[in-house]
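Remarks on the structure that follows.
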Amino acid sequence: MRLKRTPLLASIVALVAVGGVLNRTAYPIWVSNYSPRVDADISGLQADQLLIALAGFREMVAGILWVRADTFFDEGNYDAILPIIRVVTMLDPKQIDVYATGMWHIAYNFTDEQNRSDRRYIPSALALGSEGARNNDYTYELFFETGWLWYHKIDDDYDNAVDWWEQATERKDMQVARKNILAMAYLRAGKFDEAIDHYEGLLANAQAELKKNPNEFANRQNVDTLEGNLDNLLVRLAQRGNFAIKGGYYDQWSYDTRPPYDVGFSAQVTVEDSKVLRVEGTWGVQPVGTRVRIVLRDRDYASGRPAAMVWARSNQVDLDPEKNVTFMQDGLFVKNQAFFRRVDMSRDPTMYPFSSDNYVVEFYYNPRSGPPHIQDRFGYSGEGLTDKNYLNTEVREGQRVIFASLELTRDQLLRQGEWSTKVPIVRTKGYVATGSRQTDEVINVPGLRNEPEPTE
Amino acid sequence: MNAVLSIAKTTIGEAIRRRVLLVILLIGVLFLVIAPGLSVLSARQNYTVLTSFTLGIIQLTSAVIAIVLTVYLLPNEVERRTIYTILSKPVYRWHFLLGKYLGAVGALAMMMLLMSTVLVLVFKIMQRDASMEDVMRLATAPIFFFVQMSLLAAVAMFFSTFVSPIVNIFLSGGVYLIGTLFSPVFQDLSNNKNLSPAVKGAATLVHTVVPNFAQYNIQSGIINRGPELRSVELYYATIVGYALIYITVFLIAGMMVFDRKEV
Amino acid sequence: MIDWARLANLLRYGFLERALGSTALHLRWYNRIAIFPGGLCLLNLAIETKNLTKTYKTSSGPQSVVKDLDLQVERGEIFGFLGPNGAGKTTTIKILLGIIDSTSGEASVLGNPAGDIESHRKLSYLPEKPYYYEHMTGMEITQFYASLFGIKDRELCERLLNRVNLGNDMNRPISQYSKGMQQRVGLAQSLLNDPELLFLDEPTGGLDPIAHIEIRDLILKFRDEGRTVFISSHELSDVERICDRVAIINKGEMVHQGRLDQLLSGGRIEITADNVSEELSAKLRNDESTVSFKAGRLIADIPDSMKPGEVIDAIRAAGGEVVSIIPRRKRLEDLFLESVAGDNVIKGRKLSKMTDDHDDHVGSGTATTTEEEVSS
């Protein structure tokens, strides 16, 4: 007896219709729970990678590739890791460690012979972190890592660090101990009230936790730390005069930041050899620990900013740096009120292509980057800082910084053409020769010795 | 139904003795056993790599087994003429087809159970701190792989009623790939505002009608712990129901073709 | 639905047994009689086809594998179904079993349309070169087939396996069985449902002589039990030995169908005589006879429709001495060749000299025969 076709066909149609309804019910749940997030850009994958990615084995392939990348790490073959990072994050955007390691790798590991980071990669690192945070927004981790890039690596534009760490703090899995760091970001961004509020909030939570579990040592320690931080902060803010500035009575009383201290900045740059600079100068601040930033970059670099570049550009992850751009950044360590540094860019032609015609050498100091004891004198926004020649209130909004810019041409930097026999030297206004201070191994700390201060 | 169950039982007995399948199974188990060798990274990465690799191996091996197991079931019976002695008994053709399918799924279940057991053992050895809850979560993935492969087996069984085994391997493999690929692509098309309504409608129709294998890939939630999963029970119930419906569809279609097939 | 046949069987069993005193005979009677509501009795066929046709579409056009086949198989007989390779035998069997559909015509099996599931409960099929699942033992495979009938009786399976002389080997894997043993398993499974009709396709193919004889004897027993046996075979000697009726088909068409003794009528008799005159030999020659004469010895080959006694009398009357009288039957092989050889027919090929088992001459002396082309 043959089967009757009509009722069977009808049942197939009915079942397919029901199946379609179930499919459409399940699909949105699958997208939110199990699929790679929409922001994972898969268009960059090659056809065979795409096939594997979408055929259900993406996590497996990503895992295998990441193991391979680990081998490259061990071998020091950093360039080989970059494409793997990209493929792995495309295949499995849920692998947080790949994003975090990738960001760190890109931002920190590409250096020149003198261990200066290739800053041209930082926009890529930020884009990677941003993508990772979007794809894994249930956890604080990549928000934290991206904020850390702003806070520690870029060490500037602290509003961005604040922004990222605020988002990190909103996530339930952020450890309590790590939440303190947001307060530090607030301070560096000049947001004192927010810092105080944050500390107070953390303290209240810690005290509640201690009350619940009074025998937990960690709870006790947490409360003590937060109380100490808050106390220190309040004292510092008071002594530096921040409350007085806010209250409008700063001029009436004596504060640690009054009067502003003239740092006596001057600098000279000598092109000793092709792509080799000798940088020296003065910084009239006695305590050790100041680092004055020096940046050499293309003068006409479209993404360039005073002593920086536009760090966050797009959400598209592009692991290729701008190969034709030269951007060197270093820190000039001050001791004995002088700094000296030999910057050799000749051994890293890939990092310093010198393809442009004109360059600027910029000197920059912002007390927000400094240690607390420096900030005690200079204040968070440089209210205790001045320089007769190079105080600048424009390059960083609302802040008093030291900024100087000198120009050099390509021929001068490469010591070619007419500069092959002449030594290019550029100086800031009022340059004071540093003499032997730069070579003296002894660091003079006034107040601890009875000898008079050395003079030139 | 006695006939169906008897045919299923015989099919299982035959399938688990087929050397090709045993070799594929052995390779899969070997890969599971050597998986810990890949875990050379941080603790969290060890977990991620271990689980992603082992679950991927199970899925891949199961897909190959499901296809190879099923494409030869009917053609072998016809070639060896065992089908004649069976169909000359009071056995309807659809009994025969259903019995063969259930046998295939039974054999597949046994093989996947073996692989899952190895998976759990390897996981427990490598992740000593793993709780029972972690193990249960991990074991969820093979369960849904099994549902996925049962659907794939139904597809292969349907094709086996009218194409040769070699063609069937490519057809079934192709449907599996498309059924896994289509979700993001067609969903993307159906949501793309720049496309014409006709194209969007066609994409929506395909997305709705073609078996969706991608939704059984739930391993992402296991491999990358942390994201909170929503409506999990509803999701599981829906996709199991979906599989049952589509298995029924393909079996009915296969029965309709097989009923009139000259063997 | 009332199974009238079974009901009648119950009623008749007692009557016919008392009347005829033999259960076997009763069953043979029963099988030939169909019981309809109201008690009408008619001759019932186990298999009947009318204008059965099966046509396949090929690249060179439609090709009929079976053409207008009218087949009748009576209940309780052993029926031989013969034909050369490609004649359509297997196709016909498949149609009767419902494995494939006919293109046109009718086919009924045990009173139901071919392929009807109810018929399948009462028939069984042993294919040529049966294949069984190698991992199973003889018992397991028998139990498997039993389960297809819904039978869970292990003892029945054991009895059947013992019946086919597999009692000692039933728990060995089939992969270790010889061909003969596998064939016997097939026979055992074919008896599970106590079938009324058995389809046996080459049941003795490839068997050693002992197994051959055993299978043949079993088939005969099946008939004694009242079953109908439909055999398709190339072993013409077996068919000739055991079948009641045969059908020969060629290129899908029926060539011959009927009782063997009728189909094989038309045998010849060879008479050898000495001291016969040439005149007598000339007298005996006619269109249907072949006569050779040499040095007084006459060898006459006459059809058995001619009265051999008259010939013998004539010889004796002429003073001759009858040396031997050898009847030569028409063999099935001859009929087969005639039916299927087509343009290659060796016309009037001399019939085989053999009687049942041997090629003996009665009497003394050497008899020589010459083959001559007989005029058609």
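Going by the order they are written in, the chains are A, B and C; count residues from 1 in each one.
Keep in mind that, in the parts below, contacts are C-beta pairs under 8 Å (C-beta built on N, C-alpha and C of every residue); 3 or more make two chains touch, one makes a residue touch a chain.
Just so it is clear, the model here is predicted, and its values are computed rather than measured.
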Chain separated most widely from subunit B, comparing mean CA positions: C
Pair with more cross-chain C-beta pairs in contact, given A-B and B-C: A-B
If I average the C-alpha coordinates per chain and also across every protein chain shown, which chain's average lies closest to the global one? B
With centres defined as the mean C-alpha position, give me the subunit A-subunit C separation in Å. 98
Length of the line joining the C-alpha centres of subunit A and subunit B, rounded to whole Å: 48
Per the centroid of Cα atoms for each chain, what is the distance between subunit B and subunit C, given in Å? 52
For subunit B, which residues are shared contacts with two or more other chains? 92, 260
Got the subunit A residues that touch at least 2 other chains? 1
In subunit C, which residues are in touch with two or more of the other chains? 117
Residues on subunit C engaged by subunit B in the complex (per definition of touch): 94, 97-101, 117-118, 120-121, 123-133, 135-136, 144-145, 147-150, 186, 189, 193, 199
Which subunit B residues qualify as touching subunit A in the complex? 38, 40-42, 44-45, 48-49, 52-53, 55-57, 59-60, 92, 94, 177, 180-181, 183-185, 187, 207-209, 212-215, 217-221, 223-224, 226-232, 234-235, 238-239, 241-242, 245-246, 248-249, 252-253, 255-256, 259-260
Along subunit B, where are the residues that touch subunit C in the complex? 2-3, 5-7, 10, 13-14, 17, 80-82, 84-92, 260, 262-263
Would you pull the subunit A residues touching subunit B in the complex into a rising list? 1-3, 5, 8-9, 11-12, 15-16, 18-20, 22-27, 29-36, 51, 54-57, 59-64, 66-67, 70, 92, 94-97, 136, 138-139, 173
